[in-house]
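Chain nomenclature is as follows: A, B, C and D, assigned in order of appearance, with residue numbering initiated at 1 for each chain independently.
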Amino acid sequence: MANTITRRELLKSVGYATGASVATLGHPAVLRAAAQPAKMGILVSLTGVHAIFGETMLHCAQYAQKEINDRGGIEGRKLDFVIEDDETDPKVGIEKARKLIKRDQVDVVVGSISSAMRNAVGSVTTKEKRVYLYPTYYEGGYCHDGVFITGAVPNQQVERFVPWIMENVGKTFYIAGSDYIWPRETSKVVRALVEKRGGSILGEEYFPWNTPDFSSLVNRVASTKPAVMYSLLIGSDSVTFLKQFHNFGLKKTTRICTSGVAEKEAAGLGEAGIGIVSSQSYFMSIDTPRNKEFVEGFRRMFPNEKLVDSIPEGMYNGVHVAALALAKAGSGDWSKLTKAVPGIRYKAPQGDIWMADNRHAALNSIIAEAYNEKGEFRIIKNFGVTPPQVNCFQ
Amino acid sequence: MRSQPARLLFAAGVLVALALPPVAGKYYTELLSQALIFGIFAMSLDLLWGYAGVLNFGHAAYFGLGGYLVALLAREVQGFDQSYLGYALAVLLPVVLAGALGYFLFYSHVTGVYFTIITLVVTMIFQLIVSDWYWLGGMNGLLGVPGFALHGPSGLGWEFDSEAQVYYVLLVVSAICYLLCRYIVRSPFGLVMAATKDNQERTEFFGYDTAYLTTIMFMISAGLAGLSGALYAHFSGFVSPPLFGLNFSTDVIVWVAVGGRGTLVGAFVGAVLVNLLKAIISDFLAVLWLLIVGLFFIVTVFFFPDGIVGTLRRTPWRAPRPLPRAASMREGGV
Amino acid sequence: MSPILETKALVKRFGGLTATNDLNLSIDAGELRCLVGPNGAGKTTLFNLITGKETPTAGEIYFMGEAISRLPVHEITRKGIGRKFQVPNVYESLTVYENVAVAVHRLLPTPALFRKSVAAELGDRIAAVLGDVTLSDKREMPAAYLSHGEKQWLEIGMVLASAPRLLLLDEPTAGMSAEETKKTVRLIRDLSARRLTILLIGHDMQFIRAVAHKVTVLHKGQIVAEGDIGAIETNRLVRDIYLGKV
Amino acid sequence: MLELGSLLTQFLNGATLVSVLILISIGLAIIFGVMGVINLAHGEFFILGAYTVIAADVLRLSAWWGIALAPVVVGLFGALVEVGIIRFLYRRPLETLLATWGLSIVIRQLVRIVFGVGYRASPHPLLGDVRVFGFTYPIYRVFLMAVCVAVIAITFYVFYRTDFGLKIRAITQDVEMASALAINTSRMYLSTFALGSALAGLAGALMTPEITVSPEAGVNFLARSFFVVILGGIGQLAGVLGGGIVVGELETLLSYLISATTAQAAVLVIAIIIIRFRPRGLFGG
């Protein structure tokens, strides 16, 4: 119940933020004094399937906002948020992106989870010449002016991970993924790495969304006996599959390695999640003073938030990177800001990161293992920063 | 015949609609443009639900089909103006699909709730196919649909760029669609449809092939929905699987129910009002919005069955014409 | 002269129940025939078979020499068979005028239904029908507000408006006051005088006496007697049937 | 190349899916068959069952307690819904459809407020394998099939062998006649709706170890049960069995040959074609 109260407080603060923005509506940018607050549009899924991440993403963004304002804002300007819910529906995402830009006249937009949503929002921000930061790990290849990405691309999740697996787990792989672009692109990278090092892929399958029963897949895995089950299923499909994999007792013989499971999914798995090895750019259990400070500060502000994972951390980083870029550029002006973002360095909870010239962030590659039924991970190895490799195709 | 106050109200509405863009600002103009597209979509549902008494619970299928066709043409066909071809196909394909479904369902005397849940499954399947089929963009949808444009025969052409231009174009298109629908429902065909809705058996005993006529109405409705989907694709520049979604299908039912079914204008009133309200409320009540929507569904059913326009029409300035509330056999269909 | 309607060895079974049993009925053009029989004699089933609402188990129905028993309702109706139901079956939500208009518009081909102007062209015909059933002054009233008798007339009017060659009337005076019944008798006689073929189901002997020339008595799905009203009324078998002796 | 072992497991996989589909659909079918009400909140009733198990876990009760409590909790909730909403909408099926859809949204949001938005897990009640002809299969799945068979048997018994079932069938045939025979229809409707809801809750609770538990999960199961019900014939108890078998086996078998998506689309097209010739469904009367 305490959960609801904080949410209500949150809603109040959102109301306040938009109320303030309405007052400035219609004033040409030139007339705005330097002390006018900087405005950031925060676009997250607060309803629908992706609300599972959206809520924590919003909280992470708000924590970043608090940090920035506590330190005196952006070059003396207070940082204001305008928060919008995209309802996990790109149709709504487009509408909200337009609102943020055309009505609220935000300087920069940060947020959204799925690639579909990024495509939707990006189509608006690029057309309206407003900078947009996307915080989620994805398939790579999205190259549009003014869209910057603080989430990992496949090479960052996989490049260090696969060799480690082959050394420590085994050389025979079975790949299963949700039937869309991220698993397919990621599996290409995995396959190349495995085959280069003399391993083999025993099977590769893709499944439609919301598949209720994975037992056929589990049986095929059981009969081919790979050392590694590389799962690229995502969201609820990932949880359903891994539960059933566990229930069939296959974890004894085959290790699950994945780039699609982090703390949130592991929490839904309970005991079925124990032993899963995942590669992300951030885990909550990173043992550095910087991460401790982040986790403790965040928990103080949102006591009911149990788990942060790489997507919300990407959001947090996105807000900070955007703030640094705004400070560097002096305003939300498109040409200045697009030039300001590349090269920005930031000391993130995951470690140091920077924005590369290809509009993507150089992020950390970390391998960790889920060790309890609460969805917590133990760091196995932190490889440090991996620069993003991006072939533009979207 | 319309009475004086109703005429005045209508004229005032037209004036307000014309004068809005400069007052409303860019964002609200765009929101209204979108509401107009949704209004056409809602009106197409009203044709079938309000005038033929058949509820399509998967109406988004036809909207999505129109939108995806335009997006696919934009991606696949280069070098010549796809917009006319796009609109034509976006109307035609839904019409064909509706014709086929009508043939399989209405001719087997499947109406009422049975029809309703089959349509619901149809739209779910469409969503599944576009989500999972790679060539159709999958979950990521299709990007890069061009904006509204009008091309003459000799290289003459206009692109509609600004929010106000787009709004006026859509206002004209909506007006044309509205007049078309009004013509249909007031024609003898509309009367026979109303009769079928009221009492299907009696209508058959006058020698009407009600399955055939209902299929025609379904096809008109689907074509109009396809058109609105095509307009939406041009308007937003992007299509994705939720266009086929169950949520969108139920949204449009809410718009029609709120505006008043069987009124045509009500579809626009509902679409504009709900979308505006949602834009305003969800600003500060994001999480509670859905809860409100859910409760609203229930409240509407209980206390507000005629919708806004339907209720207004029963006010003293119009001739009283209350209808018996019991659902007809056709709607019951059980 | 060949009959306008003929049934040959018509059989209809519902599960174990035989509602129509080897029925051979023949109606001449211009005739006014009355069907009588106790409850469950199969009168309404016969109407359902003729109009295509039910499909016969065996046998055949000929209308103007054409076999019709496997056709759907609307096609049979289009051949010229109009049916008035026992319980008034009108469009409650439409006005009286619109009710008749629906019936009249059927005479048009489907594409013409999309021409609004045809409504005006058919106005005279509708007005004439409304005059026939004395509802001219209530043309703008929703049919739901009519009295029971008025609904019955409206439905008769509607069926007439669809220009049938054969009119099936199922207990047209059910629930009517004495005054209304009298008016209905006048209307039916009038129609018959215009050489319209009428087949009607009756219960009320007084009414039948007032309108009918020839009466057919059904019992257990079969014809047990046929003849003019006087002969039927004195027929012992008929009497026994009504008294429940057979 | 199919050897006996994989053939057998494949059969068992199919049988599990069929059992699950039947468990989910049977409540929907009963409510529709008897009351003419299509409960669009059925998926949410299912999810409420799953959350009952979660709640039991929070209260440190075992999963078996959760499974036992779920039908009671959801059945009571269903009774509440019947008294509060459905009761006023008899004979207005379209309105019921809209109201239950609204209800489904409300339930989803309430679950979110109470349990939070994330995925939830609870301990597995019965891990382990059984040996069938020398091949192992998870014991819980075998248990699921057994429960499904028991539920079917009990439902059929209730409907065809008890006084309650007799009255229910009388109402299904002719409501007015049943009322005239002094059958208390509103009480029968109430118990039917509660029974249907309880079955949905039971299915949800049983499936908790095998599926993802989140507030949004209900809709997918709703879609599937519609498939089963449409194909089998609405309002037919036997139709649910037939529909469940066809959908479940087709999905399992076709997923070997073509993609699951195409398989589902094909099943729908087949269903619509069947309806043209058998308007009451494949197994409908």
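List of remarks:
In this section, contacts are C-beta pairs under 8 Å (C-beta built on N, C-alpha and C of every residue); 3 or more make two chains touch, one makes a residue touch a chain.
In this text the structure is predicted, and so the values were computed from the model without any measurement.
The most centrally placed chain, judged by C-alpha centroids, is B. A separation of 49 Å divides the Cα centre of subunit C from that of subunit D.
Centre-to-centre separation between subunit A and subunit D, using Cα means, comes to 36 Å. Each chain gets a centre from the mean of its Cα atoms; for subunit A and subunit C, those two points are 74 Å apart.
Subunit B and subunit D have Cα centroids lying 33 Å from one another.
Taken residue by residue, subunit A touches two or more other chains at 179, 208, whereas all remaining positions touch fewer. Counting partner chains per residue, subunit C has no residue touching two or more of them.
The multi-chain contact residues of subunit D, meaning those touching 2 or more other chains, are 259, 261. Inter-chain contacts, as defined above, occur between A-B, A-D, B-C, B-D.
Residues 6, 9-10, 13, 16-17, 20, 112-113, 116-124, 127-129, 136, 138, 140-141, 209-214, 216-217, 220-221, 224, 252, 255-256, 259-261 of subunit D are the ones that touch subunit A when the two sit in their complex.
Of all the residues in subunit A, the ones that touch subunit B in their complex are 7, 11-12, 14-15, 18, 25-26, 46-47, 83-85, 88-91, 94-95, 98-99, 102-103, 114-116, 119-120, 123, 127, 179-181, 208-209, 394. Remark: subunit A residues 3-4, 48-49, 51-52, 55, 179, 207-208, 210-213, 215-216, 219, 223, 235-237, 239-240, 243-244, 246-249, 264-265, 267-273, 304, 307, 373 touch subunit D in the complex. Residues 25-28, 30-31, 34, 128, 131-132, 134, 138-141, 143-144, 163, 236-238, 240-243, 245, 247-248, 279, 282-290 of subunit B touch subunit A in their complex. For subunit B in complex with subunit D, the touching residues are 55, 57, 101, 103-105, 107-110, 112-114, 116-118, 120-122, 124-125, 128-129, 131-133, 246, 250, 253, 257, 287-288, 290-291, 293-298, 300-302, 305, 326-327, 331-334.
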